[in-house]
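Here it is: the structure, laid out below.
Chain naming follows the written order as A, B, C and D, and within any one chain the residues start at number 1.
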Amino acid sequence: MQSKIALEEHWESPDFYATGSHDFVNADYFADVQRRLQEVDQRVEDMDRNGIGVSILSLTQPGIEGVTDTGKAVDLARRMNDQAAELVARHPERLRAFAAVPLQDPEKAADELERAVRELGFVGALVNGYSNVGDETTAQYLDEPQVDPFWARVQQLGVPVYLHPRIPLPDQQRIYRGYEGLLGSAWGFGQETATHALRLILSGLLDRYPDVNIVLGHLGEGLPFTLPRVEHRLRHQRPETHGAHEKPPTEYLRNNFYLTTSGVFRTQALLNTMLEVGTDRLLFSVDYPYESMDELAPWFDECPISETDRAKLGRTNSEKLFGITQPAA
Amino acid sequence: MQSKIALEEHWESPDFYATGSHDFVNADYFADVQRRLQEVDQRVEDMDRNGIGVSILSLTQPGIEGVTDTGKAVDLARRMNDQAAELVARHPERLRAFAAVPLQDPEKAADELERAVRELGFVGALVNGYSNVGDETTAQYLDEPQVDPFWARVQQLGVPVYLHPRIPLPDQQRIYRGYEGLLGSAWGFGQETATHALRLILSGLLDRYPDVNIVLGHLGEGLPFTLPRVEHRLRHQRPETHGAHEKPPTEYLRNNFYLTTSGVFRTQALLNTMLEVGTDRLLFSVDYPYESMDELAPWFDECPISETDRAKLGRTNSEKLFGITQPAA
Amino acid sequence: MQSKIALEEHWESPDFYATGSHDFVNADYFADVQRRLQEVDQRVEDMDRNGIGVSILSLTQPGIEGVTDTGKAVDLARRMNDQAAELVARHPERLRAFAAVPLQDPEKAADELERAVRELGFVGALVNGYSNVGDETTAQYLDEPQVDPFWARVQQLGVPVYLHPRIPLPDQQRIYRGYEGLLGSAWGFGQETATHALRLILSGLLDRYPDVNIVLGHLGEGLPFTLPRVEHRLRHQRPETHGAHEKPPTEYLRNNFYLTTSGVFRTQALLNTMLEVGTDRLLFSVDYPYESMDELAPWFDECPISETDRAKLGRTNSEKLFGITQPAA
Amino acid sequence: MQSKIALEEHWESPDFYATGSHDFVNADYFADVQRRLQEVDQRVEDMDRNGIGVSILSLTQPGIEGVTDTGKAVDLARRMNDQAAELVARHPERLRAFAAVPLQDPEKAADELERAVRELGFVGALVNGYSNVGDETTAQYLDEPQVDPFWARVQQLGVPVYLHPRIPLPDQQRIYRGYEGLLGSAWGFGQETATHALRLILSGLLDRYPDVNIVLGHLGEGLPFTLPRVEHRLRHQRPETHGAHEKPPTEYLRNNFYLTTSGVFRTQALLNTMLEVGTDRLLFSVDYPYESMDELAPWFDECPISETDRAKLGRTNSEKLFGITQPAA
């Protein structure tokens, strides 16, 4: 399939080592990842070979969210976005960008998002999970009240926010002891992110800002499988213990979220997801360079869904969401 | 469908308050649960109405696993198993039991399992997650080396072990702050249990004891959806960080686990599970009295799987696994 | 679910015995069918009870298509459409109609369709398979060249044509000897209609009239399952033996057809259909009064598809296709 | 996957032109087919390359069934089986055979089957649809009373009968006029065969011979999709019009049939089939040389079913059914 759009595609500046700890990762693999993060030309060749028309770049995790000093986070986000704009300018037909936002100061994050969208032509923001504010043991989740001004601006600008995984907090890693590779791999990241997404769903945020669209990668971090049971069980929990949401949790997942295939090329899980949320809000993605376009794209091109849905997931849903125009297929 | 077998069905003794904290749960619901936990006669009426031929009882969570004093745990497990045997004796055609085991002393747990199987006719053990050993902040997971003698005996006896959920440790609950109902519901329990099961899979335990069968409820706690991606990502993690397993993780899930429908009546997730592990190792279950037979059984009886598979999941797979004989359908 | 739209819903006039032979059908069943065909008030009560907001009426099979005298067919079609309009007028918010068209004279069929659409407010035509022209052993299929003027008008008017089943021709019934009930049931009808639809697909008609939309009932009469293999095999057949189509057969099924659930409440087949054609062109329907709303509607309301897709199939896809406005759900 | 077993794999003798008319088929394709039908050495190379351990040979259609002279049919069947045995002997570890049977004389067909099984080591019979008895316009279906002695012997011998497609009778081809390629392709063959299978199901044959196993290719010729609706509709047909069967039609499909993947490499249809009949009676097959091992085998090896089911469909189900032993995987 040609002209696919991918939207969990990462970059890193040589000026800011954004990737955090990688102690558990094979050294060769990580060296290759880092080289690919810092360039866009070979990337566009990979895109050509795999029928990917447009990649939307985002600063790799933990990125700005891991910068404990607020002032530094604000400056760095601006600088990173300017650099991302320069990368996009090298291949203006093939690249777009999500803004990095300094959520340590939500008002400034809102301003930076607005600047990125209006002045740099960015298509939304990507947030790497919780933010450290002050030191590395702190976590500010996106449903906390002080983040509200950011969401108000998101709704006003009408752009989506990608909630990207981040590794669990250091003091939450006990059950992974002896299995740190499990923590560092998809599992720890996915558990953290799914729980973070659940907080957003339950909090009432999406009732206050009903037009907000949140993007989750990795087929919704497993929520299509697990959320129906959570919803079913919450009826027995005291109301004050599960947020101010007004609608059933699965309704938000269907109406306020987009889910991508980033990093998951498993048809079985895709079918589960389609039967829970439909195909109007599913989007192809890769998670480059942590994942390989050469693995994800051929799977997607051949997986047993209708060609109608392949066109929607691969291209047209994203074209509508991000206002991207591509040449006819 | 008649003669179904259910195997995540709980009981509690009036002598031992086994259910742990329920601060977040609606009071009316919990009062009803507790009343039902402590009796078997109305239960058998519910079974009659819902075509359930046999229920396999287990002491409710956290049960013995939450008894911090080892000696007390050993005594209590024995006493609880004796009481369970008495309950079974009230309806010998309709009830069976899993042993409670004092894993605080793995050798004694093995002995108690053997006694329960050989002398009381129990069909295996049910373990409620990690065990507290010494105080409530401790956690002994089932893959830790000191638990090995228990598994050796399990393999020798040829009975399955049900790994049942338990709430995450107190110091692991930070991300749930403000959403304690989420913690107490399926979500926190499920995350904890899925991670515990992953430890078992990765540890190499199932290479040392390849005939061991572990049962997971709630359609494998989401692993059918999430495990393929974990397996895919682990290839990039240093080998020493993800256990001594010799085979791909999904292979253990297919060959050393049985998965039950307890608490999940979601066809979409069942289809995902069937396409990952097949139907030879899927088993009907309810999770009574936390769940209602009146909800689970009609869903199962009507869900869009073949009648061939309905017979296997509902009855014949369990008959083979537990050596149960029932009258012809 | 409320406000569903159903579109394979039949009627019959007391002035014209439209139903053809029913020798093989249980007498009680058929008497009830006929009574229901000829009224609309109880029908609307059934719709109320089952959350059906709008039913689109069509003259029952074989209807006008079985009238061997062309002049009589032309007159009768006009009379039947006028009567259908009167039925609709009894419940203008709840009923719509498809035109009956005298395809024995395709130009006149086109005129009658235009009259029905422009003057009576009808939403398209429903055609009961092949037409007898001259005597009952003849069959004019919709892909034959003389029918072209009808299709030209269909495209011009921008309304869909429902291709409804009709029993196979008398001389084609040999394999059913001794099993006439099989012929008269879904099977004979379905085989005939699927083959007729294949003729339309292969003929090139949909290349000449690319905007034409054809509706098939009964989940596409099995074509979602069988067409991919037909397409695969046709590559080995001499081109002159399988029509003038320019594109792969499955492409027409996805882009020029709408498929309905009429008479099929089988989730397994629905999933197959969704994975072949997506959900933008699937529509709920009943096939009343041959089928019962009380069976079809509850199945549809509960079947394991996403609520997003339930809204599309049940209501919004049809609202768009037919320009129907209903009160908000 | 290694050691797959394939069972709709055809051969032809240079002494008997068994393939019937192929007027509609591309000449190059057919020449290649015919060359491949008449040899086994290149075939085994194809099997090696595609992980097929064993192919079960059968005389290509219409074969003996199209021999209108009964005496000639009897002689020819015997001769063909002897020749098939010689082919098998060239690669005794890799080939097996189904007997050709002269159903023009059912008693002799039974004898020939018995001879083939007992003396030649054949694993069952393959029947190419209806038999011509007397001339080419006649059709004897397998449910007709005179065929009973054949089925009695089949049950006694405990071997399966593969019901293979044959083109519809000449006088049944009217709806295909102008689309003869459709007739000659999968469609006409499939319609004929599905209806033939329905006759067997409805006739009561499988109540008289409940241990008989019939194999259908092409994922059951669409019956997993269509049969549930047929069953649903037959309740309204007079009982005397649909055979003497005692159980619901779908029950026979699940319990007396095996279905193969021959010629269908469509995951969507496979999922439908699995959800209707389970996986204990699904079998891999190719339909060589009409289909290519190089297309079917890679699809099967990668299609999104569990590895447990892949092993069953690909190998172990067939090993059990035919008593075949292969080296461990």
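Keep this in mind: a residue touches a chain if its C-beta (ideal position, glycine included) is under 8 Å from a C-beta of that chain, and two chains touch if they have at least 3 such contacts.
Model, not experiment: these values are computed from the prediction.
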Counting C-beta pairs in contact for A-D and for A-C, the higher total belongs to A-C
Chain separated most widely from chain A, comparing mean CA positions: D
Where chain C and chain D are represented by their mean Cα positions, the distance between them in whole Å: 34
Determine the centre-to-centre distance between chain A and chain C, using the mean Cα coordinates as centres, and give it in whole Å. 45
Distance-wise, how many Å sit between the C-alpha centres of chain A and chain D, to the nearest whole number? 51
Shared-interface residues of chain A (touching two or more other chains) are 266, 268, 271, 275-276, 304
Residue positions on chain D within touch of chain C in the complex are 24-26, 29-30, 139, 141, 168-169, 171-172, 174-176, 178-182, 184-187, 190-192, 195-196, 198-199, 202, 218-219, 222, 224-226, 228-230, 232-234, 236-243, 263-264, 266-269, 271-272, 275-276
Quick check on the complex: what are the chain B residues that touch chain D? 250-251, 254-255, 271, 274-281, 304-309, 312
Counting only contacts in the complex, chain B reaches chain C at residues 266-268, 271, 303-304
